[in-house]
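Look for chain A in each of the two complexes below; its partner is chain B in the first and chain C in the second.
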Partner chain A sequence: MTMKRLINDPYDVVEEMIDGYVRAHKDYVKVLENDGRVVVSKKAPVKDKVGVIIGGGSGHEPLFLGYVGEGFADAAVIGNINTSPSPEPCYNAVKAVDAGKGCIYLYGNYAGDVMNFDMGAEMAAADGIRVETVLVTDDVVSSENIEDRRGVAGDVFVFKAAAAKADLGGDLDEVKAAAEKANANTRSMGVALSSATLPATGKPIFEMEDGDMEIGMGIHGEPGVRRGKIEPADKVIDQIMDHILADMPLESGDEVAVLVNSLGATPLIDLHICYRRVDQILEEKGVKVHRAYVGPFATSMDMAGMSVTITKLDDELKQLLDHPCDTPYLTIK
Partner chain B sequence: MTMKRLINDPYDVVEEMIDGYVRAHKDYVKVLENDGRVVVSKKAPVKDKVGVIIGGGSGHEPLFLGYVGEGFADAAVIGNINTSPSPEPCYNAVKAVDAGKGCIYLYGNYAGDVMNFDMGAEMAAADGIRVETVLVTDDVVSSENIEDRRGVAGDVFVFKAAAAKADLGGDLDEVKAAAEKANANTRSMGVALSSATLPATGKPIFEMEDGDMEIGMGIHGEPGVRRGKIEPADKVIDQIMDHILADMPLESGDEVAVLVNSLGATPLIDLHICYRRVDQILEEKGVKVHRAYVGPFATSMDMAGMSVTITKLDDELKQLLDHPCDTPYLTIK
Partner chain C sequence: MGQDYVLNKDYFIDVIKDLIVLAEEKRDYFTGLDSAIGDGDHGINLSIGFREVEKNLEEWAKEDLTTFFRKVGMALLSKVGGSAGPLYGSFFMKFGTPANGKDEVNFQEFYEMFKVAVESIEARGKAVVGEKTMVDALRPGLDAFEKAIEEGLAPKEAFNKFKEAANEGADSTIPLVAKKGRAMRLGERAVGHKDPGAASSAAFIETFYNKLP
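Let's turn to the complex of A and B:
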């Protein structure tokens, strides 16, 4: 099947995307003059605030650069499609947003990202700037051990909590603790109904029989728990929620934030049908949804499919997720 | 090809979508107790404000219900997939949101919608409630005569301008005039790279050869101006902008709002590459972009493709588009 994409030279997609992004959202962000792979908030560096830096490979938009702006991330470091950014832009982001209180790196747990962001942090340490890191590890089926799990759409809630803590004046230890608490309380799981197409090859990232789905698949096509024919939405959500709730039991009276996320090509009609079932399950258990998002927040380009993210909340996390922010892809009044 | 959708019974998609929507966004909206096809802002009716009612067929989400909330629409009337709502919910929406200053119906120009909203207005007139209508007619290639053109993503800017005028205290004539001015200054054109799939049949709405695109196609698959092989993004945008600018010439010093809209399956990477070219063309002409949106605002479910909308602005339209609002799918601080 031919690639149904609107691009120019496949090797220019990331540069042209960043150029288009900064043109469209010029009131919010700019690109660093000395590094075209660092998108920085126009407000950064913010006086007396910990610098919040997010990032990773491209192809998951609006993750990561869509969440740079007031009250959210100060900078996003941008890699090629499904590829970690290099250490240099990770370091340059720190230099651009540090306001004397240090910086935090927040990103999904992938080996390449860990290696390169860690090198960026070392380079910053040589300049006397303290950089801490919290890895997001929300994908429940990617490993038995939480610390080995991948980060997927749960990024959004973890980043938001940490960024709000920074915006409220928290020091680097407090911002790190907020991110760690949000991550410890966040679980996600997805389903893929098709592969994304890779611009450089014009081909799908992985093969999938027409009419099949894969439950638990990662956003780069990492293997899930089961492949089979596409099932009704409620049946798919029941399986996803079984995995999430087995890993993080919820009780009557608990409060949560929910993200029903499109991986790209799955429309809002379907996502709201999926949200309905998630909400029914939580309602039956007596769990209260404090905040819900439904839409494309962490995608895999044109992949058909979706994911569910649940974050268990306490008073602090509620305050942090409710804290105002203003970015091109998430604004909270 | 099998339908890659996450739904339950195909005949329940709209009811389940509305149920899921109201569950997810319960702080913003509710469904009328006496009419399951009317989604109403929790703030409505707003004292001393003209009631703003939008609507049309389902399958274009977040249009229409996604824009119900503070500072934007007071209600959305919801039809089946690609089908006008019935007159009864159009009338019930008026009864629910009228605050004594009358109401305005705003929707895209489609025969079924015109017939049924007009009947709703007549029913309201019998109750002594004045209802005015402004049809959105932004699709440049759908007819030579502007008043015969279809409404597509330009809906968003026209609705926003009228709703802001109402929120600022305008009377019904002033709100109608703002909508008419926004519509007169708005042009859109799209390109489809695939059909959407219709849940009831599990089949595409129209046939399209793999690897083809159709420039100028409407959001329900109405014929465009040319079908051919998928071309590079810049070449597609050049053709779209040629049509738009031939129909609404822009001069150096003009200011515009731009919406680069996904029809569903086209990712943000591609949309920003498209936005880049739109912005380059406007920059070369000396036209200033006052406000830009890039994302899925008026879709056709899982259709691959996008559209460009340009609204020429004066001081009043700038103020109206900048006016704060808070809805699940558009928040302006």
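Let's turn to the complex of A and C:
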């Protein structure tokens, strides 16, 4: 099948995307002069604030660069498609946003990201800048062990909580604790209905029979738990919610934030049908939805599919998710 | 051992040129392996890295072997990203150190280059044999090379043992459950697929072998 993507040279996709992004959102962000893979907030470094740095591979837009702005991330470090950024931009991001209170790296748990960000942190440590890291591990079906799980759309809530803590004046330890608390209370699971197309090959990342779906698939096409014919939305959501609620039981009176996320090609009409079922299930259990987001937040290019993220809230997490932010892809007033 | 078997800069530059070709030719093959158990980026990222090496090769070729390989390693580290960037980046940055700023090495130094380079991959990736990674090709390969040298095999024959053991090691990843990297989360579903990192590592070693005099 012909690739249905509007690009130029496939080897230029990341650079051209960044260039377009900073042109479109020049009131919010700029690209570092000395590093084309670091997008920083126009407000950074913010005096007396812990620097919040997020990042990872490209192809998940608006993750990560879409969340750089006031009250949210100070910088995003951008890798090649589905690939961690290299150590140097991770380090350059620290140099650009550190305001003397240290920085936190927040990203999804993938082996490559860990190696590169860790090397960036080692370089910063050599300059006497303290950098802490919290890995997001929200994808319930990716491993039995929570610390081995990969990070998917739950990134958004974990980043938001940590960034709000930093914006409220928290020190590096408090920001790290807020990120860890948000991560510990966040679970996600997705379903894929088609593969994303890799620009460089023009081919799908993985083969999928027309009409099939795969429950539990990761945002890079990592295999999930079960493949079968596409089922009605309610039936798919029921299975996703079963996995999430088995992993993080919720009781009547609990409060949550919900994110129903498009993997790229699934339209808002479908997403709202999915959200409806998520909300019904929570309502039946007496769980209150404090905040709901429906849309493309952490995508996989042109992949069809969606994911559900649930974050269980206490008073602190509620305050952090409610805290104002102003970025091109998430604004809270 | 092999004191009169000298490998000069031309040999290494020819190998790098062949690696540049390999990265393009095998791009879709490595990417296909990675799609089965990872995220499908391995071949593309190697080609991005070696395109950067190609761009600078003429300039870097003026440097001694230590500096030359440090620059190759840094290019891979900065352009590739992912897991392959730090791993192959570390490999090449270390690879030139036993050359000690010279333009040629004897066979003992050639062995030491691979020794420090493989050890740097093990240290950076914190992986051991049996975890379905590059180490499954490189560690048994290096051990076989070392044994062949001890047994007094001629240089090229000794390195042939490295190549053979690395290829066998890459094949040995097919039935394994992954313990590292993205494939780790697949459990039994990674079984039956060759690890892309082990495959590219074995192909690299074969490239070094093919150019040996």
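Criterion: the second predicted complex is superposed on the first by the 333 of 333 C-alpha atoms of A that agree within 3 Å, B and C clash if a C-alpha of one lies under 4 Å from a C-alpha of the other, contacts with A are read in each partner's own complex, and residues count from 1 in each chain.
To be clear about the criterion, a residue touches a chain if its C-beta (ideal position, glycine included) is under 8 Å from a C-beta of that chain, and two chains touch if they have at least 3 such contacts.
In this text the structure is predicted, and so the values were computed from the model without any measurement.
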item: Touching partner for A:257 - first (chain B), second (chain C), both, neither; value: neither
item: Partner chain(s) touched by A:161 [first = chain B, second = chain C, both, neither]; value: neither
item: Partner chain in contact with A:194 - chain B first, chain C second, else both or neither; value: first
item: Partner, of chain C and chain B, that touches more residues belonging to chain A; value: B
item: Which superposed partner A:215 touches (first chain B, second chain C, both, neither); value: neither
item: Partner chain in contact with A:83 - chain B first, chain C second, else both or neither; value: second
item: Chain B - residues contacting chain A, complex; value: 1-9, 13-14, 16-21, 23-25, 58-59, 61-62, 66, 191, 193-194, 199, 210-211, 230, 232-234, 236, 258, 260, 264-277, 279, 289, 292-296, 299, 301-302, 304, 306, 324, 326, 328-329, 331-333
item: Of chain C, residues touching chain A in the complex; value: 27-28, 31, 35-41, 44-45, 47-48, 51, 77-87, 89, 124-125, 180-182, 184-186, 189
item: Residue ranges of chain A in contact with chain C within the complex; value: 11, 57, 79-88, 110-112, 115-116, 119, 142-143, 148-150, 198, 200-201, 205-206, 218, 220-223
